[in-house]
Amino acid sequence: MKDVSVISQRKGLSYEKAIESVFFISALLMVLSVVLIFIYIFMEGVPPILKIGLGPFILGTQWTPTYTTPQYGILPMIMASLIGMMGAILVGVPIGIFTAIMLAEIAPRPVTRILKPAIELLAGIPSVVYGFFGLTVIVPFIRVQLKSPTGTGLLAMIIILAIMVIPTIVNITENSLRAVPKEYKEGSLALGASQIETIFKVTLPAAKSGILASVVLGMGRAIGETMAVIMVCGNIPKMPQSLLSTVSPMTATIAKDMSYAGPFHRSALFGIGVVLFVFIILLNLVLNLLVRKASR
Amino acid sequence: MQKEISKKKIVVKDLNLFYGEFHALKAINMDIYEGEVTALIGPSGCGKSTFLKTLNRMNDLVEHVRVTGSITLDGNEILSDVDVVALRKRVGMVFQKPNPFPMSIYDNVAYGPRIHGIKKKSQLDEIVEKSLRAAALWDEVSDRLSKSALGISGGQQQRLCIARTLATEPEVLLMDEPTSALDPISTSKIEELCETLKKNYTIVIVTHNMQQAGRISDRTAFFLLGELVEYDLTERIFHRPRNEKTERYITGRFG
Amino acid sequence: MRRRRKMKDWILKSLIWFCSLLTVLFLVWMILYIVSRGLPGINWAFITTPYNLFRNQTGILPMIVGTLLLIVTTLAVAVPIGVAAAIYLTEYARQGRVVRMIRFATESLAGIPSIIYGLFGYIFFKNTLHLGFSVLAGALTLSIMVLPTIVRTTEEALLSVNPSYREGSLALGATRLQTLFKVILPSAIPGIATAVILSMGRVIGETAAVIYTAGSVAKIPAVDRLLTSSVRTLSVHLYMVALEEADFVSAFATATILMIIIALLNLLANRFARKITDRQGMA
């Protein structure tokens, strides 16, 4: 008996093999891209952090790169990014989850026909357009109604980001709600629970890890968002004191300062990029854990 | 009894097949004769379809499959160093569910010849007509060859798949429960077709329909739990089976 | 007790309706607000004339050309690579460490914020590869950015191709490559088209990754320097006129045009998506 499971080779196959390796190399290009991005951002961003000192960089509260004795403290930006992200999640997640419940469990056909494309459109609208809307509608509203000097700042940023994370939350939550086995729902309904009770006591808990994943993805979107934020945040890297404080989160600082930064200032911006990247990596790790849990 | 002196087309010797750890085919020995219809019967999961798929190496597509032993086609080993593509051209296959490609009827039939290098329109036309006639489908579709193959009935689709297979001029035709998804009328058409086709082709058919095996096959092989329990002329298998398990299966099914 | 249960049901149900309504109303508000102020500013001259602040010309023709150039170049790079990678993952790859690595890379690329892409494109394509602010630097940066979308959408399309087509073709003695090009890819075309449309949407909407790679020069590039010139896309233009020129007439008009394009692309994508589900229904 000889083992013959090996697929035979022949001449015509060498052409096939060549094309197959083209496919393989294309797939590897993605790995290469990630590695390149990682290396280049860190190569450019880590040296200035080391030069400034990790402590003064991350915990410093003064960002004055254009002064004669420049200071490079990015704590105000980190705070602005984190508070903005949290605020957006706090407002956007409940709205997103309720909307997802609507789509997955309740909506009659005509409602789905309107709601679904609306969510898709919200997801597709460019961030500059969101920012522009914020600049022309939300900022003046805050200025007039809340008597804030400029209207720009944390609150405007949170409102815009909240709207922007809704599509992410809705899509992933809807999918995970739909993936809950029908038997669960039927079992609950058969016990005399109402449709709403079934949704909140059975379906939502069963879809828990998917919903958490949507929240983490939403966090990633919010902390990484640049153009919408840059137009409404005020672009002043001071520690936030209240919801009406003008701020400058990490992304906005990078994008704003890049246009006029001198060499070391620019390297310091890459340093901010490194910090942002680390946050994204941490979020991805959490996401991976959640997804693995969900698939189990 | 002249059947027994027909030429051996396929000779299977000591064939074992494993899916990972699972021993799916156990030491199969079997001769398949030219110009006959050989039926493979047995309960689901007995290995008959798996066996069929080793005959044209379609099992290569499944991961973690390991095969040992020997299968020869006209005396040439097909399990080891062989051009599977050429093998599959010689040993055609018709599947359980009709699977026409999402293209026109004509293009479906011409697909095989084209990939094997025939480009001339007149030659293709000829092959398409010949194959469709051989599959007893020509009269029903000759006026709509350019229409989508997905638009014809299930029974017609299955005959189209047979025509498509015939167009590559195979010597052996493997059929994996070809009528299980069809209505009785389409089924009887396919059965009649087998009767005609066996003049030119060696046919191996997997069926779960006992009457069908009895009606159309010359020989029948009974599989159970990966073993070939009994293999003989169909008449003998159905009337005087030697093995008790065969008898129980057959009578149980008839009962 | 029963009344309290009913009350709770009613409150939750109202919340669900309220939130859904809020989402839709917000979108409608945004569209109406921007489009009603933008439409008056859109006319033939606006979209067919050049932009020159010193001569008081505020046309957006250069931005339209720039956006198109960037789209075409990005797709020309990303679509072949993305489709080939998806083919590898669905048709050839066997589960293992390499595939896990590729999948991890795809996910990571999808999660990286656009400003990081901008920084990377700036330092790698613009500086290290000496491409300068150019269509090419912008398109290469965007290509990496849209790869995950193309790979995932194409993969889904390939996986949804009826597996019996694959079996049927192989059983006729077709090679894997013949099967791929003659049966599988043609069936996956609506899915690949969706991938292309989604990528177009991302290129059109992107700003942070474009502004420091393709630059922001509001001029139509010379024919012999199409790929090496800096261009300004519509999104970058909106950012510049809104924040730096405070030219709100142009800003509203540009935002309106962006919204219209995105809405059209969404319609188109849905069309193809429906085509895919129809096909599956038939098979």
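A few notes on this one:
Labels for the chains are A, B and C, by order of writing; each one numbers its residues from 1.
Operating definition for what follows: a contact is a pair of C-beta atoms (placed from the backbone, for glycine too) under 8 Å apart; a residue touches a chain by one contact, two chains touch by 3 or more.
This structure is a prediction, so every number in the text was calculated from the model and none was measured.
Drop chain B from the picture and the touching chains left over make up one piece. With centres taken as mean C-alpha coordinates, the chain found closest to the middle of all protein C-alpha atoms is C. When every chain is reduced to the mean of its CA atoms, the largest separation from chain C belongs to B. Centre-to-centre separation between chain B and chain C, using Cα means, comes to 48 Å.
Here the spacing of chain A and chain C, counted between their Cα centres, is 17 Å.
Chain A and chain B, compared by their mean Cα positions, are separated by 54 Å. Counting partners per residue, chain C has 175 as the residues that reach two or more other chains.
Among the residues of chain A, those touching two or more other chains are numbered 12.
Across the assembly, chain B contributes residues 85 that each touch 2 or more other chains. For chain C in complex with chain B, the touching residues are 94, 162, 164-175, 178, 182-183, 186-187, 279, 282-283. Of all residues in chain C, those touching chain A in their complex are 5, 8-9, 12-13, 15-20, 22-24, 26-27, 30, 33-34, 80-82, 84-85, 87-89, 91-93, 101-102, 105-109, 111-120, 122-124, 128, 144, 147-148, 151, 175-177, 201, 204-208, 211-212, 235-236, 238-239, 242-243, 248, 251, 255, 258-259, 262-263, 265-266, 270.
Across the interface of their complex, chain C is touched by residues 12-13, 15-16, 19-20, 22-24, 26-31, 33-34, 36-37, 40-41, 44, 94-95, 98-99, 101-103, 106-107, 111, 114-115, 117-122, 124-129, 131-133, 135-137, 163, 166, 170, 194, 196-197, 200, 217, 220, 223-227, 230-231, 251, 254-255, 258, 269-270, 273, 276-277, 280, 283-284, 287-288 of chain A.
Contact residues of chain B toward chain C in the complex are 56, 58, 61, 63, 85-90, 92-93, 95, 97, 99-103, 111-112, 115-116, 150, 161, 164-165, 168.
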